[in-house]
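What follows is a pair of complexes built around subunit A, which joins subunit B in one and subunit C in the other.
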Partner chain A sequence: MSAVQLLDVRDLTVEFATRRGVVQAVRKVDLSVGKGETIGVVGESGSGKSVTSYAVMRILDRAGRVAGGSVSFSGLDLLTASEADMRDLRGREMSMIFQNPRAALNPIRGVGRQIEDVLRQHAQAGSDDARRKAIEALTQVRIARPEERYNAYPFELSGGMCQRVVIALALACQPRLLIADEPTTGLDVTTQKAVMDLIVDLTRERGMSTILITHDLGLAAAYCDRVIVMEKGEVVESALSSTIFGNPSHAYTRKLMRATPRPGITLRDLLPEGEATPLPPPVPAGEALLSVEGLVKEYPRQGASRFMAKLFRKDVADAAPFRAVDGLSFEVRRGESVGLVGESGCGKSTTSTIVMRLLDPTAGRILFGGQDIGAIPARDFARHPLRAKIQMVFQDPTDSLNPRHTAGRAIADPILRLGGLRGGRTVRTRCEDLATLVGLPTDLLDRFPHQLSGGQKARVGIARAIALDPDLVILDEPTAALDVSVQAIVLNLLADLKAKLGMSYLFVSHDLHVVRLLCDRVIVMKTGQIVEQGSAADVIDTPRHAYTRELVAAIPHPPTS
Partner chain B sequence: MSAPAAADGAPSGQQRPKGRFAETLSHARHIIGENPVTGLSFALFALLLLCAVFGPLLSPYDPLASDTVAALKPPSAHHWFGTDQLGRDILSRVLVATRLDMLIAILSVALVFFAGGLAGVAGVAAGFFGGWTDRIVGRVSDTIMAFPLFVLAMGIVAALGNTVTNIVITTAIINFPLYTRIVRAEANVRRNAGYVLAARLTGNSDTRIALTTILPNILPIMVVQMSLTMGYAILNAAGLSFIGLGVRPPAAEWGIMVAEGSAFIVSGEWWIALFPGLALMLAVFCFNLVGDGLRDIVDPLRRT
Partner chain C sequence: MLKTIGDRILTTIPALIGVVLVSFLLTRVLPGDTAAYFAGPAATPQAIAEVKAKLGLDKPLPEQFAKYVVDLAHGDLGQSLTTGQPVLADLTSRLPASAELTLFGLILSLVIAIPLGVVAAVRQGSAVDHICRVVVTAGVSLPVFFTGLILVYVFYFILQWSPAPLGRIDVFATTPPTVTGFYLIDSLVVGDYEAFRSALSQMLLPGVTLAIFSLAPIARITRASMISALSAEFTRTAKASGLSPRRVIVTYALRNALLPVVTTLGMVFSFLLGANVLVEKVFAWPGVGSYAVEALIASDFAPVQGFVLAMAIIYVVLNLLIDLAYGVIDPRVRMSS
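The block that comes next holds the complex of A and B.
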């Protein structure tokens, strides 16, 4: 640790005025960052990690107020500095990277221009050399063909590219402190690795200090010198990342660590000690339940350019349609759970949507219990008897519940529509049984989604999916929007339900660790094709295909003790 | 309790789940407390409703009784707002006119809300299905929008005859595209929401999803639009009356009163046109503010 502290936060307390009175979001937080140091702030949602950084940057929204403590940045008291001084500091001395890179960029301005704007704002460039410096900045964040990208708009770039531009923006004025707030959440693992490597390289090169705010303990430990763990607005532990994994001192840190999926453990190891019951015995896989043969989904290439070409009678060779899914064949057997893994754009969601019969395939057969359900148009499948047998748990538990329906009504919907049960009492009893099955207290059935926590909403979504005793449940990243400790509980619940009800799972995910914990077999997809499949342990421990190896390598590896 | 900025909007354990209505009410109280102008506009709205219901009882004189002796008197203790060329008390006429003007506005907006709500459903279906429903609803809206709306209103009233019913129908027609477009746009945003997909998985047909899942979620936005349209509807009715295509004299109506009074402004009798004009302005102003307030109340992002 360096002796000179660049940023020194003492006893910081932040309050929010809400309708239910004043809420302390951050309580007496101490935090210091030395010159050239990288520290990680780790915590689950609501832990106050983002609020702390907003308070440092003085960008709290109007309901928030710093109620006590001090923040000094290389000797300057940031809490009493004038707004004009702060404007000057932000961007030039300390800058920030946000979670959603696309939202952080102005959608109607070329990315090069946006970098120029920052440079000029802080008098780092004049009209003569702004363009050159902007291109230089793009080069530094390793964007290929920077002269071309200079004119690109954010929508033309991928998520990873956009995050690089945001990093270029943040670093354009050579700040001394960089605050990165969940910079890689929502990005693919390989992109995450590239972005994190880039941030670490650039900041090391320039002797900058970095605060990395993340929910991922593994990521923080892999990239930071020191890790600070926050819970409910307070710092519960601060330790060197080399020691925190080997010797966590606080109970909350231990709980977080246990809940983080990692190699060499079982699902039950995610739960806090003493709460775990033995895993249900593995069910021997039965006959084939779902078999997909030669599945193809093509989308015609459309868009302005093609339209213009037609308009001006330019002779365009009709571009071959885009193949989102390209000749996929696989099988899910009864009682088996199969993981479908790949990065965004690999066609895994398209595949699951087609199997779900919400989308019609271009070619190929989908045999479900021997019947070709691919031949039934998606529109008619809604009232098909087999509809009840294939259900889905959605990625975002909030988005997948109608905000105007209570939890009970959400669970009752499939029962009323397809279950054939009539009468308020019978349906209600069934809902209560299902709620009990997924561990949702029955008195919560009368609540609306916004009155439930993330984990409770996930349980409602699961209860709805299993309400009709389906044979196959498609899980579309069901835990991606949840905190790790909630994820641990939900994953275990899913495993128990599968054993109890004899369902099969098709688990769509990008998280190999999670897939390994829940699935018997894994299918790795890339650009619409299967590159590797096999038992989960084999594929992840000894990947044969280069792409699978790349995926496995990109998972952040915390230092093991 | 976690930070309000937290993504996970879990309520604290102690908080009792309140009914949706009770919660909306307490939220409304919060919004009004935060922005007194909203409170003022709601009070003004209540006042307008009061005048509309009890106007004839509150008015000191018979609004239609002429008294040539007292013609063209400026505001005084006897006639607070003065009298017009026939000696009718302007305060009484303004008060009584509230009912007619509010009735036209409320009826026409109710009509466009339900008939346009029907178009709204068609609009939902349009946003949901794409295809030919979309095209028909869209082109009908475009056709209406292609005319200058007030000229279109004049044309319809001139063709159908100027009765109150026709004014109501006309006002509804020219507001039709606003509703279908809003509903269509909002339905479009929601049609790929997780809960819509979930509804399809649980065996709901597309029509059922449009009616029971998407429409209720758009309803608050339509209600806000309704209050904004009210101001426009009042202006439209008064405008038609002003040019002689609306309510017929001697009925008390703000538009007619302004029209009648406008002839006397030149000769110095300003009060005849001013007071009904002020009433009109206040009503439109009030509806717009109520619309803003309603938007704050129904906007989930404002809930902390």
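The block that comes next holds the complex of A and C.
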């Protein structure tokens, strides 16, 4: 720890006025950052880690207010500083990088202009050299063809590129402190690595201090000197990262570390000690349940005037269609669970949507139990008897539930439509059985989604998917929106249900560690094609294809205890 | 760009064909007999039949329609039986009066409503926010003819600040020579400030009446979309970068909030076209609205059809302008077209 503290937060308490009274989001938090130091703030959702950083920057929203404590930045008391002084500090002395970079940029202003705005605000550039300096800032974050990108809008750039722009924006005025709030959540692993390396390089070069806020222990371990663990608004542990991951002292830290997927463990190792029952024995894979042959999905490159051109029978030279899925063939056997991995845009979601029969393929066959379901139009499949046999668990447990339906109603939905059960009593009994099966207390069935926690909503989504005893369940990143400790429980639940009900899983994910824990086999996709497939352990431990190796290498190595 | 405009105009052709057909059919099924109306109350059945034959109303509907379409293709909108003038000439002489009044009212309400909505959003729960709410509620609940009459009663009858609500310009002032047909502009072009003052004072009350009516939706949408733009993540980035409040509110939040405002503007304009009819009646404004109402009462088909067609064309042009405005405001729209 260096002697000179750049940022010193003492006993910080932040309150929010809510409909149910005042809630303390942050309680008596101590945090200090030395010059040139990188601090990790780790915790699950609701731990108050972001609120702490907003309080430091004094950009809390209207409902929030600092109720106590002190924040000093190189000797200046930030809590009593005038708003004008704070405005001078923000962006020039301390700046922030946010999660979801595309939303963090003004969608209708060129990215170069946005950097100029910051430079000119802090008198780092005038009208004559603002453009040059903005391009320089873009060059520093290693954006190719910066002169061209200067005029680009956020929607024209990829997520990783947008995050580079946000970094350029934050570092344009050479601040002394950078607060990175989940800077890589939602980005692909390879992009995550590139962005994190860039942040580290730039901040080291300039001797800057950094606060890295993250839910990912692996990321914190890989990039931070010191780590602070927060739980429910309080700091539970604060130590050097080597100490904290080598010898965690607080129970919560230990629980977080256990729940983080890592190589060389089984699903049960994710659960807190003593809670795990032995894993169900592996089911020998049966005959082929789903077999996809030469699947192709093309999208026309559309322009606005296409419709008119068609209307007037003009011959428009169609641009070559975009192939989202390009000649895919694979198999899922009975009782098997297959992982489909790849980075965003690789076609894994398109593939799962087609197999789910919500989207029609351009070419290829989808044999399900011997029948070519690819030939049945997606429109008609909703009423097809096989609909009940292929079900899906969606990515966002909140958005995939109707906010006006109770949990019980959500689970009953497929039963009422396809299950053929009649009478409120029978349906209710079935719902209660399903709830028990997925570990959802039956008294929660009458609650609405907003009254349930993330994990409970995930259970509702799973109960709904298995309500009709499907043979194949497609899991589309079912745990991506969940905290690690909840993810651990949900993954174990999925494994138990599979063994109990004899289902097969097609598991779509970008997280190789999770795939390895849950899946027997894995298929790696890139630009609509399969680059490698094989048993999960083989592919992830000894990847043969260069792309798979790149993916595996990009995962930050989680701490091992 | 030109191609986009061309494409958009092409897509409106089916709509215009529909308007021609529907306005023709509607005027035919309306109760009331044109021939009987013009032959006079004492006319014999033979006289009515004669008038009918003269007007071509005895022919079958498809034939009447074919004749109407052929005339239309030659730019002939028919004759008004009430004024005795060609409908096209009537409309061109009266349209500027309506257009000037509508635009004046719209601009007036924009100048008030947008700042009001912005301030109400920035200072939620403040006095301005409450004023905004009151104005919005009042604007929606007061019908135009009522506000019009109240304004006339207060400012002309009681306070006598305003000139008599009779037309576009004082009877003693000279009408400026027609350049654009807009008196405010024409009088300035020739430098006749007396005429300008007179035209403005005549326009003020009907303009305010229309403005009060259109204020409500614009202020409401501005406030709502400003609130969401102010809580957007890019506004937080702008704040975290230390940008000045002015920059955060105007360049970052307001420009993003403008899209729904522009959409509403299109709708408000079309409401105004309808509201105009009543306001023109109350203020004896020589515009197309009052012209159409009189024609409708007299079962005079040609002016009504001409009016509906003219409004449809105005609406089409307006929507085109709004689509182009989208492109100016939002690069995403520009790129996809």
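The rule we apply is simple: the second predicted complex is superposed on the first by the 542 of 561 C-alpha atoms of A that agree within 3 Å, B and C clash if a C-alpha of one lies under 4 Å from a C-alpha of the other, contacts with A are read in each partner's own complex, and residues count from 1 in each chain.
We adopt the following convention: contacts are C-beta pairs under 8 Å (C-beta built on N, C-alpha and C of every residue); 3 or more make two chains touch, one makes a residue touch a chain.
Keep in mind that this is a model prediction, so the values were computed, not measured.
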So, on subunit A, is it clash or fit between subunit B and subunit C?
clash
Can A:Asn106 be said to touch subunit B (first), subunit C (second), both, or neither?
second
Looking at the overlay, does A:Ser45 come into contact with subunit B only (first), subunit C only (second), both, or neither?
first
Counting residues of subunit A touched by each partner, does subunit B or subunit C come out ahead?
B
Which partner chains sit in contact with A:Asp117 here, subunit B, subunit C, both or neither? Use first/second/both/neither.
second
Touching A:Gln371, do we find subunit B (first), subunit C (second), both, or neither?
neither
Regarding the shared-chain residue A:Ser535, is it in contact with subunit B (first), subunit C (second), both, or neither?
neither
Quick check for you: in the superposed arrangement, does A:Gln395 touch first (subunit B), second (subunit C), both or neither?
first
Considering only the touch criterion stated at the top, classify A:Phe16 as touching first (subunit B), second (subunit C), both, or neither.
first
Could you tell me which of 133-141, 223-231, 259-267 or 295-303 in subunit C overlaps subunit B after superposing the two complexes on chain A?
133-141
Go through subunit A and flag every residue that touches subunit B in one model and subunit C in the other.
61
In the complex, subunit B touches subunit A at residues 1-12, 15, 17, 20, 26-27, 30, 193-195, 197-206, 213, 216-217, 300, 303-304
Can you list the residues on subunit A that touch subunit B in the complex?
16, 18-20, 23, 25-26, 45-48, 50-51, 54, 61, 63-64, 232-233, 356, 358, 379, 382-383, 387-388, 391-392, 394-396, 399-404, 410, 413-414, 417-418, 446-448, 450-454, 456, 461, 464, 483
Subunit C contacts subunit A in the complex at 3-4, 7, 10-11, 124, 231-234, 236-244, 247, 251-252, 255-256, 329-332, 335-337
Complex interface listing, subunit A residues touching subunit C
57, 59, 61-62, 86-92, 95-96, 98, 100, 103-109, 117-118, 121-122, 153, 155-156, 166, 169-170, 304-305, 308, 312
